[in-house]
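Take this structure first; my questions come after.
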Amino acid sequence: MGGMLEIAQQNLVSPMVLFFALGLFASFVKSDMSVPSAIAKTMALYLMMAIGFKGGVELAGSGLTMTLFAVLFAGAVLSALLPVIGFGLLRVTSGLSRVDAAAVAAHYGSISIVTFVAATQAVTSAGLDYDGYMIAVAAVMESPAIVVALLLAKRGNGASADTGQGAHIGREIFFNSSVLMLTGAFVIGYVTGKPGLETIAPFIVDPFRGVLCLFLLDMGLIAGRGLRSGLGKLSMPVLLYGLYMPLTGAVIGAGAAMLIGLPAGSAALLITLSASASYIAVPAALRLALPEATPSIYLTLSLGVTFPFNLAIGIPVYIWLAEVLT
Amino acid sequence: MGGMLEIAQQNLVSPMVLFFALGLFASFVKSDMSVPSAIAKTMALYLMMAIGFKGGVELAGSGLTMTLFAVLFAGAVLSALLPVIGFGLLRVTSGLSRVDAAAVAAHYGSISIVTFVAATQAVTSAGLDYDGYMIAVAAVMESPAIVVALLLAKRGNGASADTGQGAHIGREIFFNSSVLMLTGAFVIGYVTGKPGLETIAPFIVDPFRGVLCLFLLDMGLIAGRGLRSGLGKLSMPVLLYGLYMPLTGAVIGAGAAMLIGLPAGSAALLITLSASASYIAVPAALRLALPEATPSIYLTLSLGVTFPFNLAIGIPVYIWLAEVLT
Amino acid sequence: MGGMLEIAQQNLVSPMVLFFALGLFASFVKSDMSVPSAIAKTMALYLMMAIGFKGGVELAGSGLTMTLFAVLFAGAVLSALLPVIGFGLLRVTSGLSRVDAAAVAAHYGSISIVTFVAATQAVTSAGLDYDGYMIAVAAVMESPAIVVALLLAKRGNGASADTGQGAHIGREIFFNSSVLMLTGAFVIGYVTGKPGLETIAPFIVDPFRGVLCLFLLDMGLIAGRGLRSGLGKLSMPVLLYGLYMPLTGAVIGAGAAMLIGLPAGSAALLITLSASASYIAVPAALRLALPEATPSIYLTLSLGVTFPFNLAIGIPVYIWLAEVLT
Amino acid sequence: MTLTTHSKKRIEVMIEEPALVRITELLDRFDATGYTVLPALAGRGMSGSWRRNDAFGDAGRIVSVVCITDPSKVDGVLEAIREVVERHIGIVSVCDVEVIRSEHF
Amino acid sequence: MTLTTHSKKRIEVMIEEPALVRITELLDRFDATGYTVLPALAGRGMSGSWRRNDAFGDAGRIVSVVCITDPSKVDGVLEAIREVVERHIGIVSVCDVEVIRSEHF
Amino acid sequence: MTLTTHSKKRIEVMIEEPALVRITELLDRFDATGYTVLPALAGRGMSGSWRRNDAFGDAGRIVSVVCITDPSKVDGVLEAIREVVERHIGIVSVCDVEVIRSEHF
């Protein structure tokens, strides 16, 4: 199915990646272009609604299998394990405080749903299939990383005790908009199946890739502005973390995929999930649970460095990795 | 055509109702999920634009008939009559003040366009057809109830005279966004007919049901939050009104449908209109015209109690009623 | 292909024009109908993304020709030349100050992308084709008029020197959202070609005309409200300018089209571009670069007078002109 | 301050959106030179709490009307505003401000 | 002013949106009768600058909480707010205002 | 108040959105520690009335820039702001506030 270079090249000239590049360009020339935040928020909801629903419908078609449970379990373990590794790496290589290191590590243990969505498109373009349950895996991988990172941060005395806010934080971690929309739409897709999908396909299937382009334009704008203001503040070891951590996650995710025996398409997605870093759900949860951590570090890193890296280079590599290993 | 249970079951597992349930669930677990108000407002405009346009196109196909005028007239009478009945029932059964009783009654005389839209989908799923002019009936039924309720409220001395604001209130009642969009799009649909529809069908027809799902998700969120904060403040008689008044309206609407000799699909819609309660246009008009009335009563009742009731249980019942009676 | 009257009539009963009329009507009856500004802004982005992309794809199909460069050059010259003519006419016929005259002239040298988009629809409805590069011409014509008008205004001493703001103003003129989105999407369309278009056509092609209807509804609302409050403040010569300047521009644009030997469809678009007046990009740039100019004059004129004129009457005339002359 | 400034009053009215037009008309009537309306996102008061995204239409939403005006006009304006907010949901406060261009107020 | 007015304090807290709930719960706890939350578009402070359209989710956005309350309650409320803003991004200011309907505060 | 507070000035500039960048650059230049920009929905002034939803693009919209700063800086800042608002649509007011964490201003 073609080598890595071919996938990479095809990826780089997709409208998706090019609109992201347009956003980056606009931010670099300091254009006033912007997408209203109400629209950005709704597009994010839409993407999760669509991907969740389609995943549920797929699963209704294929049924519950042992692989499903294995990969859900693997997802949870990866999300809990990667922050520990990332935290260790950061503490050893960079001068980040315990709290900042834990905060950054949380982002890389959790996932970026947009990176995931972009990967589903690239997987399909590469002629592969993926299983519907991979969307459930994405939902499962959102939260454990946050819990683990909070434990890492609080083990020291860098952070003061957070009394009486447990309920808010718990909600923010387990019932945040992103987890709930993915899971909810997944369940609805599962319940209504193909007939349900047919009634709303012209909304959630057909325009999906176009909406993704507009969303990525906005991400390019935001990532570019974040980079412009934040890049100078990152030390070299931290910056490098934004590049090697996704690859580290990818390798570990690839190992898990091999263990379970996932087919290539789904393996590529599990690898992508492991390699991707959150920039919506985790930052919001951490501002509440770990306000001492510096937002500009984790946001610049996950949105400004790792996201573009994954979108342009990472995804083709992960697909190639999945094809080679499975 | 199947019995009521079949329609009901089919209705309950439609993506529409399930997304509403997801919104309710999200509000009960206190998730931060929300749809920006700019989007909710635009989706409401969109739904009215789409349903209005399609109705006009239908009418252009079928032409003006005596039935059309009869049902328009019936709609206006129902909208004016139901508040009188509702007002009487509330005054007798509940301790609501004259002003609050009139305000609540106004909501149930007017209509909920989203309930109507959901009913058109359910009618179609049940294998029935409806006439395009039913959309004009919906538009006609929006406003008379407000006028009648104001008269009921002002007959007593519970409300002070409202000097010099007549023009604003009149506009709010007869040219509110909802009436104007429905009527305007209806006329445009009528004028441009099928060729006009073809040019914009990929916008107003194809994605319609998907948009409705997202809109209903938002309504679930809002209804759930309204219920959580407002339900405790409603007395039992008021709460029960939210359940028996739609059924009362339905029966009276069914009578009108029989008198006119409407076919089953259109009859189901007239019954639904009579049974539904407004939560957008009427509240806005009443805050201006009857500020003494307590918003939390009428909003909790119409949006939190009657809307979910109609969506989940009412609509199948009304369709079944229409099939049985016609 | 039918005379002017036929094109005009067909244009007047298109959903596009009728929704604009609905917006006008709603504003005249002082309805509260409105489209949230976040949505209006996003629809504008969407229209430019769609039209830009499609233009680029067209060009990828037809390749770079001499005509392309000729018409790009002609566009730049027209955009720079028309403000000089307009400025002269205003200074001679109206009592407008140098600064106000230059500001108004800038709007008419630049273009209205929505008028352009409406014209592409009308051209297609009239059975004509247009070349993809006309979108690049639209992008090229946005900015020169602003520069020329600033020179006209500053030659006198009506405006104080604007120190140290050159960079902002330059960005506002050459990298404004509108220019960048048009050009960027055009390039992306050119690079990805037909295969790229296929992936996102259900987003940018199919619902395009429907979105345009909703956008024009909003423009009707805004134009109507602008007219209501601003029309009385325009003197008769200024008001007339809003009617004869588009025709003047059209005639000059038609001359350029003949010189280049453009086919009828593209000629109609070049004429429309010359005849149209900006109401988004230019006002924003002028508030920064020429704050002494009175916004209510140029906005009322371009949005309240010229835009409706072009939409209802101008476009059919320009198409007819193009057909007659080519 | 060495820059010449002028003492004015800043009236702030938090009012439910449907009744906004009553406040602005009143300000027009009293020749208040200008006002600015700011949207609110959420709030709580005696009649309960609300959030912008949890309301349909305008009912239930609060906006904040800011009017900077001359002390001489404040009494009349406040009296008129009081009448509106007595029937509608809303609160009113006034504070002292200095402005730099007195011709605007 | 001839109209009877009452002296109150207007507390304004600019706080990052994720921590908003901490401020409002605190105001509830201290029986502050009401508050209104206004959105902000952009800003700059010691922790850098931000714009609403350049942030995903709520993190990084500032909202302004306005609470008009009785002078007697201000000390307690401020002390509690200080604790929140010491851990979160936010600033606090207080000014004197006059209100017309004292039963609301 | 028993809590230690510090006297500052709260400058509020209502300015048309296209000129916002001029105000914020000026605040940067004068080392004003921070500012927050609030959107407005509608307004009326000498140059007429406007509503957010009735304008395309930013032209015609007003935003409110709030800057809490030390009294010692106010004169310079106001003088510079005056120059901007003299060419642009905008109004300026200043009021006294107390803040709790002086290191922020």
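Every chain is named by a letter (A, B, C, D, E and F) in the order it is written, and numbering of its residues begins at 1.
Here is the rule we go by: contacts are C-beta pairs under 8 Å (C-beta built on N, C-alpha and C of every residue); 3 or more make two chains touch, one makes a residue touch a chain.
Everything quoted here is computed from the prediction, not taken from an experiment.
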item	value
Length of the shortest touching-chain route, subunit A through to subunit D	2
Partner chains shared by subunit D and subunit F (touch criterion as defined above)	E
Shared interface numbering between subunit C and subunit B [over half = same, under half = different]	different
Taking each chain's C-alpha mean as its centre, the one farthest from subunit E	C
Between D-E and A-E, the pair joined by more C-beta contacts	D-E
Whole-Å gap between the CA centroids of subunit C and subunit D	39
Between subunit D and subunit B, distance of the C-alpha-averaged centres to the nearest whole Å	34
Separation of mean Cα positions, subunit E and subunit C [Å, integer]	45
Numbers and ranges of subunit D residues touching at least 2 other chains	38-39, 58, 95-96
Shared-contact residues (touching 2 or more other chains) in subunit B	32, 34-39, 41, 172, 202, 206-207, 284
Those chain pairs that satisfy the touch definition	A-B, A-C, A-E, B-C, B-D, C-F, D-E, D-F, E-F
Of subunit F, residues touching subunit D in the complex	12, 14, 38-46, 62, 64, 74-75, 78-79, 81-82, 85-86, 91-96
Subunit B - residues contacting subunit D, complex	34-37, 40-41, 44, 160, 165, 168, 172, 221-222, 225-226, 229-230, 279-281, 283-284, 286-288, 291-292, 295-296, 299, 303
Residues of subunit F defined as touching subunit E within the complex	1-3, 5, 8, 10, 24, 27-28, 33-39, 63, 66, 68, 95-101, 104-105
List of subunit B residues in touch with subunit A within their complex	13-15, 18-19, 22, 25-26, 29-39, 202, 206-211, 213-214, 217
Touching residues (chain side subunit B, partner subunit C) in the complex	36-39, 41-42, 45-46, 49, 53, 171-172, 175-177, 180-181, 184-185, 188, 191-192, 196, 199-204, 206-207, 284
